[in-house]
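Two complexes come next, and they have one chain in common, subunit A, joined by subunit B in the first and subunit C in the second.
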Partner chain A sequence: MDREKRNHLIRIAAAIAVVYGVILILEFTLRPTSILFTVLRKGAIYSLVAVSMNLLNGFTGLFSLGQAGFMLIGAYTYAILTMPVSVKQSERVYKYYECIVGFDTGSLIGLIAAGLMAAFFAFLIGLPVLRLKSDYLAIATLGFAEIVRAIFQWDVLGPLTNGANLLREYKDLTRIYLPFTDIPFPPTLFVFIVAGVCILLIVLLINSSYGRAFKAIRDDETAAEAMGINLFRHKELSFVISSFFAGISGALLAMFQYTVQAQQFKTMMTYEILLIVVIGGIGSISGSCIASFLYIALSEWWLRGLDMGEFLGIAAPDLFRSGFRRLVFSVIIMVIVLFFSKGLMGDKELSYEHLKQKLSSLRKKRRASA
Partner chain B sequence: MAGFFHQNLSYFLSGISVGGQYALIAIGYTMVYGILRLINFAHGDVFMCAGLVMVYLSASLPFAVSVPLVLVFTVALGFLIERVAYKPLRSAPRMSVMISAIGVSYLLQNAALYFTGGLAKVYPEIPFLSRSVVIWDASTRVVTLVTPFLTVILVVLLTLLIKHTKIGMAMRAVSRDFETSQLMGIKINRVISITFMIGSFLAAVASLLYFTNYASVTPTSGSMPGLKAFVAAVFGGIGSIPGAVIGAFIIGICENIIKGGATIFGIPGSGWTTFSDAFTFAFLIVILVVKPTGLFGEKAVDKV
Partner chain C sequence: MKELLRLENVTMQFGGVVAVNNLSMTVGEGEIVALIGPNGAGKTTAFNCITGVYEPTNGKIIYDGNTIIVNHPSGKMKRAYAGYEADMYLSEKTLNPTPDRITELGIARTFQNIRLFRSMTVFQNVLTAMHLRAKENVFSAVLRISWKEERQMEAETEKLLREQGLWELRDENATSLPYGLQRRLEIARALATRPHLLLLDEPAAGMNPQETQELAAFIREIKERYDLTVLMIEHHMDLVMTISDRIYVLDFGSLIAQGHPEEIQSNQRVIDAYLGVAEDV
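Right after this comes the complex of A and B.
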């Protein structure tokens, strides 16, 4: 390994360590209800699902819109598996049905099972659907997500999924503990560790020979096939892996929200994730992460005033009423889509060199104008 | 068979009526796809906007004024969306145009959410269309009977327009070959704008009929009919207008039979209601796998 590469890795490791250190410190200093934690947790969860979508859309060139469906599968798998048996048998959650799952698991097993279940469904649906081309694939996966939502709300499956009613009292973020103890695990740190490990795995995959094959398929299917890449196998692989991580992020979302209901995983959710990917730059992992945190921070925190009647000290309750935030948001998104189609990062990754370059070009520009 | 038909007559009737409404929306999808190769995800939301504008206009204006105004507004909206969101991306990759369409859909839904405050708006009763009638023991509204006829008339008119006028010829040329038709002196931007305007006009007519039946409009009430209409267009063979119409009628009828409570596979109808939406998509996946070109679609040849 040459020196430059090693320095690069050390820098990345240091940056990651700093982020996790800061989060640990925040957990012990801020009060747990702080809005910052909401933003950090939800941002990390959306980062994971955005990166998983980017793996498909940005790196393999498969325009899939099924993310919400896979998140739903993950969320339900996790909630059903980790809900304690005593809760399942009581009437608190399964009010109208007899729950047929007679066991419960720990949260780690629940998370992995959530991913595996989503991956399994992806494998099945991928067999017919991945033979389709761009926009047909988009609409077929979108339709698949709708079918999943209907199935999970079906009252014949009520003993498993509780029908259209919500699930709660499973192992959410307040109910996870350090292994073999009953000391509660810092919740934000937990989300960051799970999301971080998953994103790291995706990055490793993209940099492997499989990742290069994915990119070859994205750039030119025919050429990739001529080079001996098995198109269908690689597409299926990318689809299954992406769905695995979407399932895990669904499970994390269920943990974060304390309750989960199929109703919430609508097409709109997939659109939001897609728009995050576009804002971050299609084909940039770090872009997706930055965009997720920005998106969540803006919508949950910084632009709140737009809904509450006062923004930046301007009070206009008639204009700034409920829903204005999202309207402003969608206009911003349209501007980005139309005029900055590369997004924040294009297909580059955030790195020390990249930042240095940006800064020096800025400085040059300023000097030129002065 | 006759017994089954008689029993489920009211579902057949509403199926045919909804089918007609889907057909009108589906034409907008299929024409735009035929020309731009773009799934116009915002089309369903244009349909919803037409419904909302009707609610607001009819509150203060008589129907004779508000109905034409709604049609004009929707046509203008379709034109505007094409000019602002799709035209600048003419030479961009197809994926960016589709993302732009999703962005527009997101924008329209959020705008509707803001203006309605998230409440379902009650659709006005249009005097003639809302009257109820009884046919063969099944009570229904006039709109249910009017829809299929109106749909067929509009489709025939549209087919005549496409077959026998200059602009129709230009549309066919552009959908066949974008660049060559440009070289032949066809102003493609004009043709595309007119396509969007026709699509929006039909969506506005569909919204008048559809919401008279469903009685309320919410910001998301356009997305489901929109997607179903798109499925109908795919089923009929995208780019083909008669295909879209037939597909829409089939989907409308099947969906209403499922909703209606016929016992299928031993599970009584009430158990299947949740699947009336999902059915459409299952149907879509099956079509795409079995016959991706649809009923009347032309076989596309991939050029290397």
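Right after this comes the complex of A and C.
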């Protein structure tokens, strides 16, 4: 039993090491503008936010739709904090306002602050909102995300948020360096390290005593309460932690995009994340990660030809016009939802044993048909 | 004998329905006390008042010498209140803790319709209930600084499961167990919160006579082993009469009799409540 467990851990560690090794090799071999990097970076960022949403929706049973709002708070916090003072005082970014933030921080502090700020807002919002149940909670958090988006574009907050205008020239992925040197940090690797550490922390949380308490609340609130689990405190805890990581992923998204504007963090974004969680499997961390890479690869890369006139070698400029990709994409999602009603992974995690089982069942099927 | 639990004038009114009416009862330390009555008599409602699931409309509950729950009719209920002693607890500060606080004080319960954690194994069900007594905080739990405590919780779970004869089934999904074992697991899970007072809501529901007899022995055994006081709701009269020290009988929310099993068996009001009264035509 224990040995099995150790082997399992070793295999996971090896798989993770291989992934990071491949990323590092790609960084030094491929053109930095390669589409693969876009997919990998955005996929990793979406993995993190999908896992954070899964912590709330899949493991604690709280149907919350505030993710985009917390990402926005994280993105703005990061951008405002890490923008160099010289840029803040110049007219390049704050054109119509005088920036009131007179200091700047490193990117690591910026990332953590982004998480903390989102967590702080989550704490305040959670006090009234977490007393609501199911659909009502979803509506309240959705409303919160919309309000945040509106407030961040408000004129009065201009000296802080630059109103409805862009924020840029902060420490984005091209402006990060190895500590104490001028050597640029490999950007994709950076995104993977930050997202990886965060997801690892969430996994550790889920497998701890607190994680079990969350799952107990999901399974049966009355029984959980009777076993001495304080519902409100644990829901609040899950909400705050989930938002902390959503904030960090928002900051990563800001780094990835080079610019931030409150406009982008629409409800659509939350739905995208929810879709990833559902496709991956509610209650499966590895499912969320796989689904987010697939989703990003499909929407940003593989189906791109459908908008450009040529797809899989078929040239049909009349049919494959911009917008056609969305149509095909929705059909694919419908097919996935119809045939994998519990998502790709259900509530299981990807593991060596799981793969082995799948393979052997496939082989059996083939033998039976032969 | 020391008194462990005391209910004073507990009334629970839903709208116009008085589900529990002016119930006063005591449970002494080390006793097995049964609460019986026909269907709909308010037994489970009384349980829910004790465990904090409901806020009683009026009345006071004292556990181990400390007042844990006090309430009096207020707001809309002030006018609608149809029970007794409406003014008795006006001067006292209302106290309505959540169920987890009650469990923390040492009162654990099981449910009439079994409520196990569906997605978890037998082992995890019991381990989850250990969370209450864990001293770790989120950070030490996530960073595994408190791994020693975690190990200890696992060891205690193993001990508990072995004692309950559930160890062989530890990796089974909790809801895939046969009915009787699910009940036993629910009791084991309640024991994991380290209670002094155990509330059992129809532990023998759905059991055959053989299983019921085993259950009687089982309840006696855990009572001795874990130094418990037991308050239970039960319909199986043979179980109630063999193991309880004292019995309270509820009918339509009110207490109609109390006493030792022999006294209850011969009590005319109890017989009437269960069998109905012949009306003179």
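As a working rule, the second predicted complex is superposed on the first by the 367 of 370 C-alpha atoms of A that agree within 3 Å, B and C clash if a C-alpha of one lies under 4 Å from a C-alpha of the other, contacts with A are read in each partner's own complex, and residues count from 1 in each chain.
The criterion applied here is as follows: contacts are C-beta pairs under 8 Å (C-beta built on N, C-alpha and C of every residue); 3 or more make two chains touch, one makes a residue touch a chain.
Quantities reported herein were computed from a predicted structural model and do not represent experimental measurements.
Participant: Here subunit A is shared; do subunit B and subunit C fit on it together or clash?
Facilitator: fit
Participant: After lining up the shared chain so the two structures overlap, which partner does A:L201 touch, if you call subunit B first and subunit C second: first, second, both or neither?
Facilitator: In the superposition, A:L201 touches subunit C alone.
Participant: Once chain A of both complexes is superposed, is A:L231 in touch with subunit B (first), subunit C (second), both, or neither?
Facilitator: second
Participant: Using the touch definition from the top, say if A:R212 reaches subunit B (first), subunit C (second), both or neither.
Facilitator: In the superposition, A:R212 touches subunit C alone.
Participant: Touching A:T222 in the superposition: subunit B (first), subunit C (second), both, neither?
Facilitator: Touch status of A:T222: both partners.
Participant: In the superposed arrangement, does A:E27 touch subunit B (first), subunit C (second), both or neither?
Facilitator: In the superposition, A:E27 contacts neither subunit B nor subunit C.
Participant: Have a look at where A:S322 lands relative to subunit B and subunit C in the superposition and call it first, second, both or neither.
Facilitator: Touch status of A:S322: first partner only.
Participant: To the nearest 10 degrees, give me the subunit B-subunit A-subunit C angle using C-alpha centres.
Facilitator: Result: 80 degrees, to the nearest ten.
Participant: Given the superposition on chain A, which partner contacts more residues in subunit A: subunit B or subunit C?
Facilitator: Between subunit B and subunit C, B touches the greater number of residues in subunit A.
Participant: Pick one for A:D347: touches subunit B only (first), subunit C only (second), both, or neither.
Facilitator: second
Participant: Tell me the contact category for A:F144 with respect to subunit B and subunit C: first, second, both or neither.
Facilitator: Once the two structures are laid over each other on A, A:F144 reaches subunit B alone.
Participant: For A:Y136, using the defined touch cut-off, is the partner it touches subunit B, subunit C, both, or neither? Pick first, second, both or neither.
Facilitator: It touches subunit B, and subunit C stays clear.
Participant: Considering only C-alpha atoms, give the closest distance between subunit B and subunit C in the superposition, rounded to the nearest Å.
Facilitator: Subunit B and subunit C, overlaid via chain A, are at closest 9 Å apart by C-alpha.
Participant: From the superposed pair, tell me which subunit A residues show up as contacts to subunit B and also as contacts to subunit C.
Facilitator: Residues 222, which sit in both footprints.
Participant: If we count contacts the way the header does, which residues on subunit A are in touch with subunit C in the complex?
Facilitator: 201, 204-205, 208-210, 212-213, 215-216, 218-220, 222-232, 237, 241, 283, 347
Participant: In their complex, what parts of subunit C are in touch with subunit A?
Facilitator: The contact residues of subunit C facing subunit A are 51, 53, 98-101, 103-104, 108-109, 111, 115-120, 124, 127-132, 134, 136, 138, 141-144, 150, 153, 189-190, 192-193.
Participant: Spell out the part of subunit A that touches subunit B in their complex, as residue ranges.
Facilitator: 57, 63, 125, 128-129, 131-132, 134-136, 138-140, 142-144, 146-147, 149-151, 153-156, 164, 222, 266-268, 271-272, 274-275, 278, 282, 321-324, 326-327, 329-331, 333-334, 337-338, 341
Participant: Please give the residue numbers of subunit B that touch subunit A in the complex, ascending.
Facilitator: 37-39, 84-85, 88-89, 92, 94-96, 98-100, 102-107, 109-111, 113-114, 117-118, 220, 223, 227, 230-231, 234, 267, 271, 274-275, 277-278, 280-282, 284-285, 288-289, 292, 304
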